[in-house]
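Below you'll find the structures, each written out as structure tokens.
What follows is chain A paired twice: with chain B in the first complex and chain C in the second.
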Partner chain A sequence: MDVIKSVQTYITKMFGEVNGMKVLLLDADTTPIISMVMTQSQLLSREVYLIDRADNKQREKLRHLKCICFLRPTGESIQALVEELREPCYGDYYLYFSNTLKKSALERLAEVDEQEVVREVQEHYADFLAVNPDLFSLSLAAPADPIFSENSATWDTRTLTRTAEGVLAALLALKKKPLVRYEKTSVLGKKLAAEIVYQIQQEGPLFDFRRTDTPPILLVMDRRNDPVTPLLNQWTYQAMVHELIGIQNARVDLSVVPDVRPELKEVVLSIDTDPFYKKNMFLNLGDLGMNIKTYVSEYQSKHRSTQSIESIADMKKFVEDYPEFRKLSGNVTKHVTLVGELSRLVGKQGLMEIGELEQGLAVAENHAADLKLLRQMIERTNIPEDSKVRLVLLYALRYERSQSNSIGALKELLLRSGVSEKKVGLVDLLLQYAGADQRVEDIFSNQDVFSRTKKVFEGLKGVENVYTQHTPRLVQVLQEMMKGKLKDQLYPFVEGGTRDKPQDIIVFMVGGATYAEAREVSKLNASTPGVRIILGGTTIHNSASFLREMSDSVARWTGKSSDTRSPLPERLRTVRT
Partner chain B sequence: MATRSRTLLFLQYRNSFARVGGPRQPRPPGIDTSERAGLIANDINQNAETVVEMSVLPPKWVDIVDEVSSAFAYLPGHLTELEGIHKKHLLPGFDDHLAEEQVIERLTDSITSMFRDCERKIKRVHSETRSASGTKQSQILSKNIQVSLATKLQDLSNIFRKSQSSYLNKLRGRETRSKDMFALEGGQVESPEDEALDAVFTDAQLQLVQNNERAITEREKEINEIVKSLLGVADIFKELQTMVIDQGTVLDRIDYNIEQTNVHMEEAHKELVQGSKYQSKAMGKYCIILLCVFVFLCLLVLIFKKK
Partner chain C sequence: MVSLAQLNRHIDDLHSEDDTKEAILSWLRRTQRRVAAPFTRAAQKTSETLTSLTLDRITQPIAAGVGVVPPTFELNPNGTPTGGIREELTREMGGAGESDPGVETPINRGHWQREGANDVCASAGCGKSLGMRNGKHNCRRCGRLYCDAHSSYQMRLTTDARHDPVNGHWHRTCGSCFEGRDGYRDTSGVIRNRTRTFLQLRKVHIDRLHLESNKLEKRLDKVNFGAPFLGAIKPLPIRLPTLIYLCILFEFAAIDQTVVTWEDDSSATACPICNKGFRALVNRKHHCRLCGRVICGAEECSSIVPLHASEAADERHPDRVGEIRACRDCNSIVFRRRADRLDKPTTSPVVKAYQAISTCRARVEQVLPKFNEQLMILSSQVEIKLEDSAYLLAQKHRKSLMDYFAELDRLSKQIKALPAKSSDTRRIQENISLSTLQFLQTHMFTLRLMPNAGRRAPAPQTVVISSSPSSPAPPKPKRAAEPPKRPLSPGTQAELDVLEEQRRQVEGFIDEAVRRRKLEDAAMLRESLMELEDEIERRRAGGR
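The block that comes next holds the complex of A and B.
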């Protein structure tokens, strides 16, 4: 159960079957898929000497090359391929599709292949972005790929198809035929789960894997049941980089960082090629700082040894270590720059204090103190607007049901401190999107007596770190599931059912997963032998992308999707009057 | 990692289409066509396939690539062979190692020259396409091939250098050990109190000392040879470094490279548009200037006429 390895195996298999000089044609969907798990030099070492887009019209004829096409069977890709086969540029064609290919499309390709250049047609189900060994994403985010159409109970058809295909591909890549469960309150989750089950039945022979003792479980969850996790500031490396700078397909754009060196304008954070990142991606900022210090001093000692080249022996040693040294030097600068930027942002935006309050809001019930602190935060000037809004959002989520809440007053306060109306409007949008009415169970454990007392006892145990008190709701669900205690009423099966403790769990988060959850999943994987969990999401959110998606979705529900900017202030005015 | 092959289905579809296809199909099954066909394809039955056959000839540098690849196939064998002899040579023994030393020398020389040869050829790959009217895509292609070959060569040279230097170290170790021994003896010889002992040395013992000294100088020579080959390879390494891409950087990302090509293409397009704009503007300016000159001439004519 390692999604990165699966995709890599698929790709190496493609190149392994063809000898000689090769050209690789990709489309818009497969380019990121392959880029996430392979590097250019890895491809070069497999004799793939030319990589291009299939829809690039300006390719020239190189008949001595063999062509490998790795495409997603979308309309555009098939069309591009049809045009290519009509006038083939290369000698032989080996077609690989990232998902099931419709017979009609196959027929169309066969029809245009008059010169009989196609040697192989195969389906390799690498149709998702493998981010971590236990995390995959489909990279579907609003506004380009909205989840909802006109109301909160209907999927956007295109996105639904793509999501179902992505999840099915992941299941095929992992060779699992799961029982599907979903969250009862989530209409979207139910629909997706039903679609997946239907497709599995349709493609019967494909899913004919060796039976396991306990059937694997696919759990479809909904982001709307846990809106808190993506709103919190994160303190572990991977999550923090995504929250503060942003990771896009394992690439981090650092061009906004002041005084950055030109070769570090954009860096790659890949688990495969970067051992330091692999080791430290889940550590919090403090531990990370320690590790980076030892990393730098290791580099320093190497650097010093290279400086004193006096004898031939020194020279020889230097040349011998040179490639290693170069690699190390590049990596050290990259991580030092990244961590430097993170700590600069933490200092500049006062993230320590914000983080403390955020965690307080997310974890404990303490209305008077929270409110007082929150008011102070809003009045301060060195805190960025977005953080203020996020704090109020968290407050609103926690105290939405409490009689004495002062959400209205806080909104007033935000407006007075110069926050734009649009941003203040997010508060109401969020409550509409993921308020208490929408959620399956109380994430704050403040609604009944039992959970309250449980909370109190948990509080007595003490916390190791103020900034990482909050654990995502996913953890609780997974733990219950591993014990076989997840309630069937709340998490029904689409078909069948089992009371066994599952071994292989695949969780798919409709509306996007977060790196914080990925970290928890990988922690669970490491701490519980015999259980393997994979997390997937329509996308991977940080707070900014989550809020963007949320406001886009709500705008769609209210039927103003054509102009996403106008509804917010309007809505706000009605609230204020 | 389930996969599914649709090749059979595809072939089935393709064959069914071919039957329907009729005259356009590449291989007509009838006999009469084979009777009519000339030895050299003429205009009438020059179908798509013959065209394909004509254009399939690969560019010249492909041969170079093949040569380098075959050299790569030999090199690892040579390297392991060398390592084996190194190990044998380092074993303590009483017999003469002269023959082995010669073999080692020969192997090292041949490997080093192979490396140099490969390096020269790799360099030629790209320059050849550039001279041979290479279009943009084939340039990228040859560049990529160059990078990949250079990377492979570097890996191999790395192994070679590692084995050479470990061998060197072991030789050095032996040398210093024997030096210590002889230093002790030498000290004894030179100390004035033991001058009397000098006479005690038999001829045989003196002979032994001399022999040892000769062995040392020989070893010294050997070491210098190795260092020379090491430095040679290091030179190659440094030159290759400019060609190899650093792994793990953005330059090594597949999507980045594709985007870069697109960006270049777009920029080229923009520049073309700009260029054509300039050109059209220049035309306009020419017209204006011409008209101005014409008007001026007319004025002159007018003035002269009035006079």
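The block that comes next holds the complex of A and C.
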């Protein structure tokens, strides 16, 4: 189970069927799908010499080229293809669709292909962005693709369809016909799970796979049950880059970095072609620093040997090593710039202290001390507003149920320190979005005696790193599931059921996964023989995108949101008075 | 002394679970119950299992047997093979270990590896000695012995140790059996081929289209038949009286109407194509001569189609014998075939050059493995003689490879230099040349591994030959400065070839570096290029 390999296999098959000079036509959806797993030179080596958008009207007629179309069967793409086939620019057409093509669309295409240029029509289910070998994303985030429509229990129809299609495509790409489980409290998760099961039944023959020892499990989870993970600062490479700079389709925009060299304005982080990244993506900043040091010195030693070209033999050696050397040189600069920028941001924004408090809020109950520290943080000026707000958000989540909480007072403090009202409003929005009432389980383990005790025992194990104490809730769920102890009442099956311990697990997070979770999944994959886990999400969040999604969603509910009864405003009022 | 049970009862009766201490105790209690429960059950089962105990199970020594999974103790039969507390307890209980295997579903043990005194884990790269510390387990499927970690997989096996996902029972297996199951490492996803459905749908449509187009072509021929006369009349030098001219026109309209019945003018109110209403002067009515419909004269709805003496004649023949009006629909149908003919890919110079490149590449891919093979043979020899057959063969392959590479390079430059009409063509040409360069880079390096005759070959283990582009460049055998010039031509020629090759490559790199704005690299390369050219010159002079 490796989503990157699956997508690559699909693409290789597409190009393998056609010999000769090729042009590749893509649409808005498939462009990132391909660019996540293929480089320009890999495409060139498969004789793809021209890549263009299918809806580009200004294409030249080149009848000697063969055309490969990889499109998502959306209305727009089909329309673009219809127009293309009416007046074909290229010689032969090989049509590949990233998902199930409707009969009507097929008929339409057949009708316009009067010049009989289409040679092949296939469905290759690479309809998701393969981020890591065990992480995929559908890149659906508010406001462009909102999850909710008018209340917290209703999917946006378009997003639901897209999500279901994306998950089904992932299942087909991995050849899994799973039993589907969902979180009981999540209405959206239940709806999606039911939709997926229904679609699997509809597409019966497609899902006819070899029997496995135990059926694979698809677990649909809801981001709202763990709002803490996306709010925390991250300290491992991949997650940190996403949190502090942002990764968009494996590309990192560095144009905001001061004094950046022009060729590094945008860099690509690809596991496939960047061995350093592959090795270090899950390491924390400290270890990363060490590794990058050795990486640089390795480069320098190579560089020195190439600088002293005196004899023809040196020259030859240089030429032999040159392509590799050049690749290495580019890569070294890229990572040095990235890590440099990360540590600059950490220093500038005082992230070490913030991180410590964040972790404290996330894992341990310590009201008085937390509150004191938090007040100090808010009053300091060298800490960015967003971090302050995030700290208060974490505080609010943890102490929401506590009688003596001072959420109100903290909000006022934020306002006084010059944070805009809109940002302070996030606190209420978050509690509405993912407050204790909305969550399935007690993620902070502070609501009853039993969980508190468990916490005490866990605390005895000792802390490895003060910045990485918090483990996402997903880990606990997965561990229970691997032991076969995940409760059926809390995580019901849509249909059927098994008591076996699962060997292949696909987790899909409605509302977006995080790179922190991806790291945990990859750790679990490495440490548990015989179990393979893949994580997927509607998108991959950092704190900024999570808060954006959250406020957008709550804004959609308000007005009509009768079902999200929130006792919160009442209580806040009493606290304030 | 109070027994644990008594203590439990006491706690249940007197202490409610409201403080932390209490909670801890209750947790302990539950754990204790959980741990103890299996043993009571096990005790009940002992009698049954003892009877079902077969001889070969007893041969399994207890030391190794303790690790055997007692699956029925678990709620779930495929529990990860027990380690930790339960196993330790089992060991403490002494004889209990013996009775445990009885509950595992029977499985054939004929193929099991016999245990010896110094067994090591069969997993590649593990090599731990097996025993109490690391555990010792037979993979139930392949029968080999493994340590705890490398046999902690579970799969469903039948009693004769075949994998059966449906009727099998859970058994401990090794990683390679587990991952060796059919399709476990399969990365190819589902593909649904809709081509056949598409072709069927298209065929229906195309057949109808053919029929239509045949019909229209016939009509066109008929119209054509009348047209030459009209065409002949028009350019007549004498000005015919308008009335007569109109009469003739009317006559031909009549001919046209024999081809297809014209739609009645009065019944048509709007153009069927653009839906615009007809007006007396602004939007006049026209008849399509091929289908007879009334249409408007707008450019997108109908057009004047030139007629040629014969459709079979050369399409670029300039002789126009007449013209008729045809609506858009008919126009596209009747001229579909001709458009098809006109659009056929012309043999542009790019296509030709590209075909040459493809053949060259294919040849390289044929010859290169042979060459590498010879290299392997050569590298295993200590002394290489000039008349050695492997050396000669390698030399021959190398020569042809060099020719192909030179040819590829030439072609790629040629393609790049071709005039491009548009940005698309330019991009294609650039990309082709770029990919050829890539191809050269990934395939050329083994050429330099060619050992020189008469010299000691490099130590064999340093040469790893691979032609796949993904594999890292193999360590190159170290060669000191070039050997002194030899008066013999083959050696010098070969050296010159190498140098030429390198010069070309460096030139390519310089282009590349300049394009990528890596100017310091380019400067360095330029220096090297000059050096290289000097060297070539010197050699040329020496060779002569």
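The rule we apply is simple: the second predicted complex is superposed on the first by the 558 of 577 C-alpha atoms of A that agree within 3 Å, B and C clash if a C-alpha of one lies under 4 Å from a C-alpha of the other, contacts with A are read in each partner's own complex, and residues count from 1 in each chain.
Here is the rule we go by: a residue touches a chain if its C-beta (ideal position, glycine included) is under 8 Å from a C-beta of that chain, and two chains touch if they have at least 3 such contacts.
Keep in mind that this is a model prediction, so the values were computed, not measured.
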So if we stack both complexes on chain A, do chain B and chain C clash, or do they fit?
clash
Regarding the shared-chain residue A:Ile34, is it in contact with chain B (first), chain C (second), both, or neither?
first
Of the two partner chains, chain B (first) and chain C (second), which one does A:Leu109 touch, if any: first, second, both, or neither?
both
Which of the two partners, first being chain B and second being chain C, lies in contact with A:Asp259: first, second, both, or neither?
neither
Touching A:Arg499, do we find chain B (first), chain C (second), both, or neither?
second
Mind working out whether A:Tyr49 is in touch with chain B, chain C, both or neither, as first, second, both or neither?
both
By the touch definition at the top of the document, which applies to A:Thr214: first (chain B), second (chain C), both, or neither?
second
Select, from 152-160, 188-196, 260-268 or 296-304, the region of chain B that bumps into chain C once both structures are placed on the shared chain.
152-160
Just which bits of chain A does chain B share with chain C as contact spots?
6, 9-10, 13, 21, 41, 44-45, 47, 49-50, 52, 59-65, 91, 100-101, 106-107, 109-111, 113-116, 118-125, 172-175, 206, 209, 263, 312, 315-317, 319-320, 322-323, 326
Show me the residue ranges of chain A that touch chain B in the complex, using the header's touch definition.
6, 9-10, 13, 21, 23, 26, 31-32, 34-35, 38-41, 43-45, 47, 49-53, 56, 58-65, 91, 100-101, 103, 106-107, 109-111, 113-116, 118-125, 172-175, 206, 209, 249, 251, 263, 266-268, 270, 273-274, 312, 315-317, 319-320, 322-323, 326-327, 330-331
Of chain A, residues touching chain C in the complex:
2, 5-6, 8-10, 13, 19-21, 41, 44-45, 47, 49-50, 52, 59-65, 91, 100-101, 106-107, 109-111, 113-116, 118-126, 172-175, 206, 209-214, 262-263, 306-307, 309, 311-313, 315-324, 326, 449-450, 452-454, 456, 483-484, 499-501, 529-530
Mind pulling up the chain C residues that touch chain A in the complex?
17-20, 23-24, 27, 75-80, 149, 152-156, 165-166, 168, 170, 175, 178, 182-183, 186-195, 197-199, 201-202, 205-206, 209, 332, 336, 339-340, 343-346, 348, 350-351, 354, 358, 421-425, 427-428, 431-432, 434-435, 438-439, 441, 445, 448, 469, 472-473, 476, 479-482, 502, 505-506, 509, 516-518, 521, 524, 527-528, 531-532, 535
Which stretch or stretches of chain B touch chain A in the complex?
1-7, 9-11, 13-14, 16-17, 21, 24-26, 48-49, 52, 55-59, 62, 65, 135, 137-138, 140-141, 144-145, 147-148, 151-152, 154, 158, 161-162, 165, 168, 227, 230-231, 234, 237-238, 241, 245-258, 261-262, 265
